[in-house]
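Next up: the structures, one after another.
Common to both upcoming complexes is chain A, partnered first by chain B, then by chain C.
Up next is the complex of A and B:
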């Protein structure tokens, strides 16, 4: 099994009624581990069905397979339905390239630094 | 009118009338008409091997396999079936021979639809020659009264049937010809192709070659079965069923011809090879996703992704196939598709909410793509600004269907 780790940290959220989390991805998400790792995010969404704000830190993520992109799309759908938001920070160019061709960068904003991503994440939007 | 030469000339003129009408109908939907006329003319001579074979078997009946089989079978109906299958085999092979020969030499066929169209024309050439002999023979034996009905029937139904049978073969031949791309796409769709691999191993050939030969055989079998069924129905004087049979086959073939996939030029263009601006590994991830979402019937997203990917890799035939198939699935509301859907209802469900739809709902469908560095700049974290709010005049992503 290829190595991949997902760690979740709290982000102090100034917006009332929201929960913000920093989710760090490290390693390679491929067929051997993606289903297992995806459960972590689904559990997080299940615990916070409304107004969940996620900052995905992709700095340590080297590879995403097609299934993980499918999961990312699904998480996006679930979160936005519940008034939440996803932003991505520090993704490598190969991953950004894939996300752009898939069309996910139209929906999920990507930022070069964690601070910018955090700032954008905690900005109030029409939905929260 | 006893002079056989004059009678043959008159038969030729009579046979030419429906052939010209059918040819003009085919020409309405095709290009490269000069080549089609050449194939038509060449195919007229494809009746020669049939006559040579008949003559040979008359001279040497000991080689007549059909007669040998029939001698051991008492049931007349089974004998008819055997006869019609053997007629189907011979005629369908000779009808295709010239076309396949020319295509192998000069790469005549560039799309699946062209394969169908050239097959139609080749069959028309064969039917034209066959009609000459039928007209001659019926007039000589039964006179002008019998000729009229047979002439009309052969001109409309038999000629059309010949073209349709070959059209089906042409469809499969087209698929076989472009098997490299089609097998590649099947792989991304997660199809195991176990039987193809088994045949490949059995004959020590590649999966592509095994797939190609199997598809050609399938096409030939389809054409032969249709041909034999047509002849059998005629033998039992089931004219209404014959008409329905030809009509139904026509609709199916018409539907195949209307497919976007069939219009794709799948001939490899060396200039467009290896021109991708995306790293191979990354592109494979996206193509794998195309396979996944095609299976999940997310056709709108598949089309959008294909369009973006084709901007990066314009010569990728597999991506073109994914896009064309997704378009075909989405536009399956033409009259032929509706008819086929009514005849053969499927359990396909409506597709899920697509990314494109979400983007539209969010009002970001026109958002311009972010600046992504080229593959040679990879493996470094890059600075990317969030995309600005789109202006109305900015690029609109239109579905090119």
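Up next is the complex of A and C:
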């Protein structure tokens, strides 16, 4: 199985009624591990079905395949349905390239730094 | 061996290079093929680093497709790289046609065409590999049934965009007036 780790930390100073988490991805997400790794995010969504704000830190993510992009789209759908939000920070150029070619950058905003992503994530929207 | 002609730098630079790799049908081996593809494109072709990463994804998606639909566990898939210096890279992935959800070349082509339609909405986890990644990042994508066996998927990417060539022919055409 290809090496990949997902770690989750709390983001303090969340908006009232929301839960914000920093999710760090390290390694490569491919056919050999993505189904297993995706369970971590589904569990997080299940624990926080409403107003969950996720900052995906992709600094350590070296590769993602089409199935992992499919999961990302599914998480986006589930989160926005519950009034939540996903933003991406520090993605490498090859990761941004693949997100762009499948059209995901039109759904999920990507930021070069964690601070910019955090600022955007914690901005109140019409739903929270 | 003194009289054996040695390849010159010039012949190496102009001669097509063909490499074939056979892999067991197991996703475990695919990360090695990704690394190989990245190194090959970066070091042995004239494509940029960005394209090396793109081909890494293209090869990964083609191999996963062959493992999932083409060859049952315990069998093999074959990957061939053909680099034509100053011109193109061609990648061919072949399976044995024994996979659990078998598609014919025509069925797969139809599926990709449907999913390439700008109005097509991808809703599931799967289905973006061939239509959104492989098709977008290649100039030619061809599916072919291998008689009595599986399928061959062939992609080709030219160093120069073929559309640019067509456009430059058009601009040079004596039958058209080009407004500056």
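Some observations on this one:
To be clear about the criterion, the second predicted complex is superposed on the first by the 126 of 128 C-alpha atoms of A that agree within 3 Å, B and C clash if a C-alpha of one lies under 4 Å from a C-alpha of the other, contacts with A are read in each partner's own complex, and residues count from 1 in each chain.
Keep this in mind: contacts are C-beta pairs under 8 Å (C-beta built on N, C-alpha and C of every residue); 3 or more make two chains touch, one makes a residue touch a chain.
Everything numeric in this text was worked out from a predicted model, so none of it was measured.
Following the overlay on chain A, a clash is recorded for the pair chain B and chain C.
Of the two partner chains placed by the overlay, only chain B lies in contact with A:105; chain C stays clear of it.
Residue contacts after overlaying the shared chain place A:67 against chain B and chain C alike.
Looking at the superposition, the partner that touches the larger set of chain A residues, chain B or chain C, turns out to be B.
Contacts of A:1 after superposition on the shared chain: chain C is touched, whereas chain B is not. Touch criterion met: A:32 reaches chain C, while chain B stays clear of it.
Of the two partner chains placed by superposition, only chain B is touched by A:80; chain C is not.
By the document's definition of touching, of the two partners only chain B reaches A:90; chain C does not. Once the complexes are superposed on chain A, the part of chain B occupying the same space as chain C corresponds, among 259-267, 277-285, 331-339 or 385-393, to 277-285. In the superposition on chain A, the residues of chain A contacting both chain B and chain C are 63, 65-67, 69-70, 73, 93-94, 97-98, 101-103.
The residues of chain A lying in touch with chain C in their complex are 1-2, 28, 30-32, 63, 65-67, 69-71, 73-74, 93-94, 97-98, 101-103. If you check the complex, the residues on chain B that touch chain A are 278-279, 281-282, 285-286, 288-289, 291-293, 301, 304-305, 308-309, 312, 353, 355-356, 358-359, 362, 364-365, 367, 369-370, 372-373, 375, 377-387.
By the touch criterion given at the top, residues 27-28, 30-31, 34, 50, 53-54, 56-57, 60-61, 64, 67, 122, 124-129, 132-133, 136-137 of chain C touch chain A in their complex. Residues 59, 63-67, 69-70, 73, 76-77, 80, 90-94, 96-98, 100-107, 109-112, 120 of chain A are the ones that touch chain B when the two sit in their complex.
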